[in-house]
Amino acid sequence: MTASQQASSTVESASAHQHASLIVRGRDSPGIVAAVAGVLREHHANIVSLDQYSDNPQGGAFFQRTVFSLDNLRAALPEIESALRERLAREFDLEFTVRDMSVPKRVAIFASKADHCLLDLLWRHRRGQLPITVPMVISNHTDTAEEVRGFGIPFVHVPTGDGEHSEVEAEHLRLLRGNVDLVVLARYMRILSGEFLSELGVPVINIHHSFLPAFIGAAPYAKAKQRGVKLIGATAHYVTEDLDQGPIIEQDVARVTHADTVTDLQRRGADVERTVLSRAVRWHCEDRVIRHDNGTIVFT
Amino acid sequence: MTASQQASSTVESASAHQHASLIVRGRDSPGIVAAVAGVLREHHANIVSLDQYSDNPQGGAFFQRTVFSLDNLRAALPEIESALRERLAREFDLEFTVRDMSVPKRVAIFASKADHCLLDLLWRHRRGQLPITVPMVISNHTDTAEEVRGFGIPFVHVPTGDGEHSEVEAEHLRLLRGNVDLVVLARYMRILSGEFLSELGVPVINIHHSFLPAFIGAAPYAKAKQRGVKLIGATAHYVTEDLDQGPIIEQDVARVTHADTVTDLQRRGADVERTVLSRAVRWHCEDRVIRHDNGTIVFT
Amino acid sequence: MTASQQASSTVESASAHQHASLIVRGRDSPGIVAAVAGVLREHHANIVSLDQYSDNPQGGAFFQRTVFSLDNLRAALPEIESALRERLAREFDLEFTVRDMSVPKRVAIFASKADHCLLDLLWRHRRGQLPITVPMVISNHTDTAEEVRGFGIPFVHVPTGDGEHSEVEAEHLRLLRGNVDLVVLARYMRILSGEFLSELGVPVINIHHSFLPAFIGAAPYAKAKQRGVKLIGATAHYVTEDLDQGPIIEQDVARVTHADTVTDLQRRGADVERTVLSRAVRWHCEDRVIRHDNGTIVFT
Amino acid sequence: MTASQQASSTVESASAHQHASLIVRGRDSPGIVAAVAGVLREHHANIVSLDQYSDNPQGGAFFQRTVFSLDNLRAALPEIESALRERLAREFDLEFTVRDMSVPKRVAIFASKADHCLLDLLWRHRRGQLPITVPMVISNHTDTAEEVRGFGIPFVHVPTGDGEHSEVEAEHLRLLRGNVDLVVLARYMRILSGEFLSELGVPVINIHHSFLPAFIGAAPYAKAKQRGVKLIGATAHYVTEDLDQGPIIEQDVARVTHADTVTDLQRRGADVERTVLSRAVRWHCEDRVIRHDNGTIVFT
């Protein structure tokens, strides 16, 4: 049994075999829940969990996450999908996606030299805490190669130092396109171009070492220390063309004092970063996160 | 406009006028969500929020909280109730309660000498943060009388020092029965008998100064200090005949150090207690808490 | 016994009668602790607590907070002060302040319409949790007048709507100068001029509803909600001419979700604000906070 | 450069080369700080940090942690030690220990099947976050052997299934005695006898999956879930003959809900356990923890 098989078979909570997630979103209007639940009932599916949110009951934006179970799920899914399409399209102004949760998402991890976020993801993956497979780790440095391969994961070195940025991104696209459902930047310290993001066509999650209040630009920890901050934090967000401005998935903080050196801040920051990123990846891969404008709905 | 009118008219989130809460519980089986949503749709109600939990999709215990809005809610409620009864009773093994959320719950607060939990509740009530009215505060001491009356709330002194315990409880019952939907023990330091609880017929919420790990019996703070605990906590729970063993609604902790004196622990403990109790009362009065065996489902 | 007498007599921890605080700061060099402790020993003072911090042992900035006890403290203090001056000035490049901790600091509180920070301070003051007296509350609105006077505290209404800003500040200076040791802005929504701060001559603490990451300018809560933040926070800081850029004393956060409305964010924000401000005021008044450049050393 | 050399050379904060820690404890009386600081001054040592605590200034228990730096520390240490002995023994009722902080503590880790606490320690060790060497990992199972050896750490399998308990402990003693300064039980699921602890002669730290409130005995997570707890926690403590009753070093909690399965609780519990244990080991090895009766003083 390989690590990734183990991951998909033992992952806890609702993400087990024979479960599907259904995300519905669009303009709120009376009767949506009844319509969705009606279709599921007609197909003898049992609702395992249902979360619903509307930002305004009077025609605002509507979001619903439903997890349902069904024997012979895989065989029945196309029919359910077509029934939902017919029903939701006819009566409502809604989009939806339905997905077999026993199929783990394929996640490529980008790293540079720092290993804390990368290893936490790989270690949780091996323990079966993340419903993912990791087809590859891509890094512009070789520092973590041995460790990554020790987890049974392919490590691909794509140096960024010399040559055109566009050539590096072309190499990334050759590796990724068609092979992954998500890219995670685990402290990968390079900017991705808008063209790359649009050609890639799958979501990208980044971890940002943000402070409270945010310190922008170079040497953020030194600036934070000068200001005497009492909390440091981290933010996991989707990557958009506007650097570090994408929708926030998760944030957390740790308490610090004047006695913490810049090295101490970095150590505590690393602990928060790995926790926040792992949580964001898990939630994304359990279909708990819905992007909406520049924000997110997170059904935890 | 009185304080309590203000409370019920300005309370935030879903608890506004024209909203009703519907709690459904019983044995899980396919089709419950569809049945409930179908009834609401037939009555042109719009689902504002829906939370659902099942402890086992294969015939486990099922819990659902639905908030819906409807013009002319008050007039339509009896019909909806009867339609739900007919539908849920016929097809499923379910109980339900439906409630007009614009009607604030009537909450009696019991206090002794300590004022921190009592004042936090009254202050939040006045700010419109709790969907409640407070018909009376009952105390076995007079320390807080002036302050309570300053909030425009009746204060009733029922001494417990002399006389039979049963006479005190009889006096309590005379004051409470028919007049309240909830009793909150805001650091009321007397035990309630099983007879009292059963004759009272409404839930009672208590705040317990519990530690991690719990220190039972007299002088818990001194024992905690001897053991060198690093966190102190508080627990809000429903009162049952077994003292301090009832279903937990909410808990929280604060960090302490060896340098904290017993007085410091008490001050920090008081801060946690008032926060935890206020949260528990708000959640209960927004119909977010469902008791199940000796635990709770809390839809926050 | 008045409320403020009660405060100064029952306040917990080291701030009791017969205790003095000694703050020493300057350039680090070997022997400072020995010199300070030597002077105290010669005067038969007992060190109750000692915290020391140096940002660089090789000639960096040195900070020390010492609390000592002594019978007949008040009589002995001038002698100790003069011995410290002679010793620390002769051998080291150091400043110091020594203060009888039984004398509560005189704190004026500025408020506008919001009452949550104001009432939390007054309530903790009455419970004896803050080593302060409150000679006056100044507000540009009358909303909180009755409540403030209910605590036995003078309330002064200084409207800001019409007339010159400088006249308002002149009125403030007439009230404050010589009468207070600290000014606390408890959600006072007006900017203080540099002239005012310099003529006032005592520290001013403000509470800022800062976010993670910070949202600057108008409607911060709406902006935060759009970005999908998962934490909101508050920052207590000393006021400097640069608005909201002064040294940070304390910060904290609360977790929020997409389901929280702007009203919910404000309620949770208010809870964090009052907690953070009260902590900052207590620490300042227990001489635990040392300003250094644009940061702080906080010995908690 | 080996991993352990890296650890001792790059570990942050005060634990660098040329630093020593001095722990003083005993009966409080005036002049202790002056005496200690005087001795250090006479030897031209510079105090880098000083924390002091007394549980009662009138003859209570006194504790002081001092970190000082000195060129040629190793050569000077015996002289300083002897001067301290002479001075503190002559005038006061005090014990002390002084230690060269550039010498990492030798830590043996005991594990069973679970790897989360073990790997977190080894990973932090490799990153230079713990001032320790790890001469061996001892386990009664072989599950983690390959991973441990991948860190360059000897793995010793000492099965416990068959044979006398005393034989197992004898084997442990042969491996450990003289070779280690600390034993860490990283989810080692076997009880240690009082004889073993006393023959071992070095401290033992355990991580306990304690709850709020504590659930004792078998199946604690299932019991916690039944009671509806909202927080789960972990406690790191020194091991004494009374199982799980030893002095607490550190505790922390994580928030859980009714929707968390027992598997979820275990995953969140594991996260808290590894964080709390790593913190406790770091603090112990930086000489920040002083045992006192059945509690601890922790200077963080």
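The chains carry the letters A, B, C and D, assigned in the order they are written, with residues numbered from 1 in each.
Convention: contacts are C-beta pairs under 8 Å (C-beta built on N, C-alpha and C of every residue); 3 or more make two chains touch, one makes a residue touch a chain.
In UniProt terms the chains read A, B, C, D = Formyltetrahydrofolate deformylase.
None of the values given here were measured: they were computed from a predicted structure.
Trainee: Across the interfaces A-C and A-D, which one involves more C-beta pairs in contact?
Mentor: Between A-C and A-D, the larger count of C-beta pairs in contact belongs to A-C.
Trainee: Could you figure out which pair among B-D, A-D or C-D mirrors the B-C interface, over half of its contact pairs being identical by residue number?
Mentor: Comparing each option in B-D, A-D or C-D with B-C, the repeat is A-D.
Trainee: Distance-wise, how many Å sit between the C-alpha centres of chain A and chain C, to the nearest whole number?
Mentor: Each chain's C-alpha centroid was found; their separation is 42 Å.
Trainee: Starting from the mean Cα coordinates of chain A and chain D, work out the distance between those two points in Å.
Mentor: From the centre of chain A to the centre of chain D is 36 Å.
Trainee: Two-or-more-chain contact residues of chain A, please, as numbers and ranges.
Mentor: 49, 53, 259
Trainee: Quick check: in the complex, which residue numbers of chain D touch chain B?
Mentor: Of all residues in chain D, those touching chain B are 53, 210-214, 225-231, 233, 235, 247-253, 257-259, 292-298, 300.
Trainee: Can you tell me which positions in chain C touch chain D when the two form their complex?
Mentor: So the residues of chain C in touch with chain D come to 28-34, 37-38, 40-41, 44-54, 57, 69.
Trainee: Which of the residues in chain D come into contact with chain A in the complex?
Mentor: Spelled out, the residues of chain D in touch with chain A are 12-13, 49, 116, 119, 123, 127, 129, 150, 259, 261, 263-264, 267, 271, 275.
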